[in-house]
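The chains carry the letters A, B, C and D, assigned in the order they are written, with residues numbered from 1 in each.
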Amino acid sequence: MAGSSFGRQFRVTTWGESHGKAIGAVVDGCPAGLLLCEKDIQSYLDRRRPGMTRYSTPRKESDEVQILSGVFEGRTTGTPISLLIPNTSQRSADYTQIASCYRPGHADYTYTEKYGLRDYRGGGRSSGRETAGRVAAGAIAARILKELGIELCAYTKSIGPVCIDMSRFEKEAILETPTAMPDRTASLEAEAYLTDCMKRTDSAGGVVECRITGVPAGIGEPVFDKLDAGLAAAVMSIGAVKAVEIGDGTAVSHSTGSRNNDPFFADESGIHKRTNHAGGILGGISDGDPILLRAHIKPTPSIFREQETVGTDGKNCTVQIKGRHDPVIVPRAVVVVECMSALALLDLIMANMTARLDRMAEFYRKR
Amino acid sequence: MAGSSFGRQFRVTTWGESHGKAIGAVVDGCPAGLLLCEKDIQSYLDRRRPGMTRYSTPRKESDEVQILSGVFEGRTTGTPISLLIPNTSQRSADYTQIASCYRPGHADYTYTEKYGLRDYRGGGRSSGRETAGRVAAGAIAARILKELGIELCAYTKSIGPVCIDMSRFEKEAILETPTAMPDRTASLEAEAYLTDCMKRTDSAGGVVECRITGVPAGIGEPVFDKLDAGLAAAVMSIGAVKAVEIGDGTAVSHSTGSRNNDPFFADESGIHKRTNHAGGILGGISDGDPILLRAHIKPTPSIFREQETVGTDGKNCTVQIKGRHDPVIVPRAVVVVECMSALALLDLIMANMTARLDRMAEFYRKR
Amino acid sequence: MAGSSFGRQFRVTTWGESHGKAIGAVVDGCPAGLLLCEKDIQSYLDRRRPGMTRYSTPRKESDEVQILSGVFEGRTTGTPISLLIPNTSQRSADYTQIASCYRPGHADYTYTEKYGLRDYRGGGRSSGRETAGRVAAGAIAARILKELGIELCAYTKSIGPVCIDMSRFEKEAILETPTAMPDRTASLEAEAYLTDCMKRTDSAGGVVECRITGVPAGIGEPVFDKLDAGLAAAVMSIGAVKAVEIGDGTAVSHSTGSRNNDPFFADESGIHKRTNHAGGILGGISDGDPILLRAHIKPTPSIFREQETVGTDGKNCTVQIKGRHDPVIVPRAVVVVECMSALALLDLIMANMTARLDRMAEFYRKR
Amino acid sequence: MAGSSFGRQFRVTTWGESHGKAIGAVVDGCPAGLLLCEKDIQSYLDRRRPGMTRYSTPRKESDEVQILSGVFEGRTTGTPISLLIPNTSQRSADYTQIASCYRPGHADYTYTEKYGLRDYRGGGRSSGRETAGRVAAGAIAARILKELGIELCAYTKSIGPVCIDMSRFEKEAILETPTAMPDRTASLEAEAYLTDCMKRTDSAGGVVECRITGVPAGIGEPVFDKLDAGLAAAVMSIGAVKAVEIGDGTAVSHSTGSRNNDPFFADESGIHKRTNHAGGILGGISDGDPILLRAHIKPTPSIFREQETVGTDGKNCTVQIKGRHDPVIVPRAVVVVECMSALALLDLIMANMTARLDRMAEFYRKR
């Protein structure tokens, strides 16, 4: 079964293994007329690039994206956009040991069970490197959304025990801390926690929050293709994510109707909600308020201590992982959550264009 | 855009409004040869039927399902199974008031923004009644999974502040308490909490947990169609769900790699994990251990007190909801979570059949 | 695998066997706001109803459609439209003989091979009766297309050796002859041919042509989802169709570039083609000229003479088909071709709405 | 809308413009374990390569395919296979003239209407060069089919007035004539006809036939996803195809039931048909006999004489096409028809694996 495509109308197909020749993505369904060049995508890729800080792997991957098709004279043509990122920093020798056993917390065992074989070099397709294709495609989606007045902003909400309150924050600060936490004091605390983790040959988890503003009311399809269902699928498909929350999320199970309901009110600018427990989505459809989601990300499974496991020969053994691994996935996952949210949202914005006959008729009448 | 279908190979399409003539579902892609009659589906529908206890609406809907196609001489034929449930208890008069305003916490406003009009009778398509179609289809999926040795078991884990530890439980008890909590003491506590909620004209939220056992390793497709992504989309698409967790879920963000990694070990029966923080899924693919997921369900938005809102005329007003509404959604949502999980899982089990060329060749060789 | 759905954004799922309780269709993705009642659909169904003339089966099926959902106060709501047609004229006794052997030209054998069992009553799902669901859904598609200024017109172009030239014809005449040939003289010839066929216990084939006018230039997606590919799939999926032609169709293989190319010219009303060998489609995308397609339909396989075949016991035998069967499928297939063309076209018209970023931005700006 | 993907379980997404940096395809859903290297794909690509004979364009494109992912140690891994073919022979200067007008018979006008702009270099995405991606993917599908005992064989059945009878032919001869006609005498006649065409600055059409043997009975899904519907969509999506026939095709409209029905008979090897008018498909499902289809291909629209047309400025003008163009598309389309047939068939073979519950249970039981 083909599982490497996401979206129906704005559809991305990613490909590539951690240590193959290259990784990439094909974006099909991009509207014609978008100004697009490599630089627009590169700025997103740079946000997930390893080797930027001491809390990410010391690999120096330039991750330079090439646009191979779908753009002509600086604009998208409506045809598939092929994006290619050469793999320049493979050191396959690092991974020879893991060829012979299943690393705990990784997909080595499940891939082998599924396919009967696996590309063990750096995790192959199950490597976090796979997300580069998502980010490249999501960068395009985000640019289109911007043309429609929609902005996405993801950031690190917590790392281990350090959690920030984001009622007020400056978007710019996200790019300025090595943790992607837009609160410099909290970021320093988180860094101290990570340093300690590394000393203990351990790793940390955390939470990424994404806020989306400017989404008009009416986006999302009833029943199965709800906006929250689409966002959940998009974000849960990111390797290390184990929980997804919308709006108040898990807190709703402890709340009551009188507290959780968001009263509507009208003013000269339209209809709004006094609170936003719902996270901008009611009945699976956007209500015009900011959309809020959180992704809970597990600690990096690659830790530098001996772990109990099983070999590919079926015998019990231990493994001591070597190589280059981040003590925390969260900071580099921030842009991935943002990009997956953009992809899910844009697809449903496209789907919504046929919701009303009068608007369809108007669309075609003026052509 | 068509949003009322779920699944690719085992595909259900639901239809119907709360107060229309009927609701139903079409199941396409059901394998031929399954013994199936109305009774098999009815037992699932009865689990979500209203009017069963004092914590669900006093409506008496028989919800009797009819199989209109796809079954011949007691067995499925491989062609679409059309399931129809007549609506017998519509009292449209109850809903005339809500025609003129947007109920807080409901989809009245967002449907109107999307479509320009809405069927206001009982919430129309956004009513919880829509889930009957999911359950009817899920009952068929669950029967097929049973033939493959897979069992699903969902239950109420918490209502408001009352939460149970389910390390040990009896499946039968789930059906015996009005809360669907398989712990009778806790259930009584939850009932007391709900009685208090009703006195305060308020409502409660809670958590549904679903455990799936017998899933072979290897189910789930890499990258976007991961098993956890499919389950998240399935469960988040249920009306009142605001968060989905897999395995340890949100707790992973506070954990460390050394605690969160599940060590592998081998014994005579195969390869297993010492713990199951992962909830039976690694890299989006089942690992052979039980699959665990939790859905966080918001409090019933229909509460019997005056609420601030906006009218369809765009003016501020208040609404006092009448009619029949449960003080908690959770007990009736249990079977819906179970059924959506079954649908998502079965679809990926089908997808997996083409994962290996040798098995494909073997499949066709003996034909 | 689910094979009973057609379309991505305007998606119909049909269900039902020839002699089950009912047949029907669910239309998902219909825009909100379309005026729709049973009568609008019934007029299409009546065009394929059996028992209308001596050249169709003497069954008297009223084929009365019921709309069970998706319409409120006379307008579509954007949610799934469930259409149900009760089966009122099943005489299963007629079909007991064919339970024990495979009728030549029918799908009895292939269904049995695929599913291991089959609903032998009247052909079950492989019966031409299945097309009623297509027509019910296609009637809705055609109504939407009409709102966009697009008209479809299908008619019988040939029956056996009798072929008409349709360069000039009156649409109304199609409904007035029992052959659906809009040329009364030719129709009488065709009727004489059919009478002769019936005397010889034989049956006839023929050609249905469909013309679609008012389609704006630009409809159809490059490469795989071309307009002609979509139309071909739609029309070839009709049971008895064995060939599909677009524009000049098979004649192009004998033509030359200088004859087959349609020169463009511009006048005050825009850009046109001097000829229309292309049938209104260039590179898979509509060019603004009328779209032309033809479906070649095989002779009714049910003929009233002894035929050589094999029994379900695997032994050679003969079969003498009884019951009620048309000597020609063509006249009743006319509306099916028209409806499938409408479904394919409408789906691509919806797909086209995201082709240009400026139009997407304009669409959302004014919301 | 995304239109560059074909297939559901075995899914190919192609990308690339005639004169961009490269063209390529991503194949997702390929089963793991297939032996695959560049050479396996190259042999198919070589069959459509230009510059091979005097009847194809004098361009010298090496069309060397690179496998960038999805293969490890010589075998497919089950993850997406990215195929890239660099464009080495772009001479954009040749195409400056056509930037300013719409070539008759080409998609210049329709792309411009759809997207508001077009990549005019060599036809951009609408160029026949796009089919290289299809062939690269189809080569993989054909290899898998071979493992299942299925062989595809396409050849030129006619060019202009020269048509061969293929009741007996040698497969090898197809590769030995410049026309892909496996009848050397006829091929010489066709070559003479083409030489004459070129003298007259004209071009020729023709017919490609494809025979598929070894397909087990039972492939194809009822109603919309019939095997013939899938093949028709696949083949009609090839640029220059204007008609698709299955089995006797257009001839059925002149036939009678008694002639067109294929009687069944049983012998020790199973159930067969005495004739094969049906082309191996009954009710949309394979019957075990060879599958036969024909594609009618229009004459090359690029002819070297002055043609009437309209400029991008909307004014009437003439165009004199320059550059390098084949006088006939047919010989190079042969492998494209074969590959598209392989893709459509393989996808339905995968879909069929869930048709029966007993076989699904057996599949999973032994795991």
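Everything that follows uses one rule, which is that a residue touches a chain if its C-beta (ideal position, glycine included) is under 8 Å from a C-beta of that chain, and two chains touch if they have at least 3 such contacts.
The model shown is predicted, which means the values in this text are computed figures rather than measured ones.
Q: Identify the chains in contact with chain C as well as chain D, in label order.
A: A, B
Q: By mean C-alpha coordinates, which chain is most distant from chain C?
A: So the chain farthest away from chain C turns out to be A.
Q: In terms of C-beta pairs in contact, which of A-B and B-D ranks higher?
A: Between the two chain pairs, A-B has more contacting C-beta pairs.
Q: Let me have the rounded angstrom distance from the C-alpha centre of chain B over to the C-alpha centre of chain D, please.
A: Whole-Å distance between the two chain centres: 44.
Q: Taking the mean of the CA coordinates per chain, how far is chain A from chain D in Å?
A: It comes to 37 Å between the two C-alpha centres.
Q: Roughly how many whole angstrom separate the Cα centroids of chain A and chain B?
A: 26
Q: Using the touch definition from the top, which residues of chain B touch two or more other chains?
A: 1-5, 8-10, 14, 29, 32-33, 78-79, 114-116, 125, 216, 218, 222, 350-351, 354-356, 358
Q: Mind listing the chain D positions that touch chain B in their complex?
A: Touch residues, chain D against chain B: 8-10, 29, 31-34, 76, 78-79, 144, 147-149, 216, 218, 222, 349-351, 353-361, 363-364, 367.
Q: Report the residues of chain D in contact with chain C in the complex, numbered from low to high.
A: Contacts found on chain D: 1-6, 8, 14, 102, 104-107, 109-111, 113-116, 125-126, 130, 158, 160-161, 197, 200-207, 216-226, 228-237, 239, 241-250, 252-266, 271, 273-274, 278-279, 281-288, 296-303, 305, 307-310, 314-316, 348, 350-352, 354-356, 358.
Q: Quick check: in the complex, which residue numbers of chain C touch chain B?
A: 1-5, 7-11, 13-17, 20-24, 26, 28-29, 32-33, 66, 68-70, 72-73, 75, 77-82, 84, 114-119, 121, 124-125, 350
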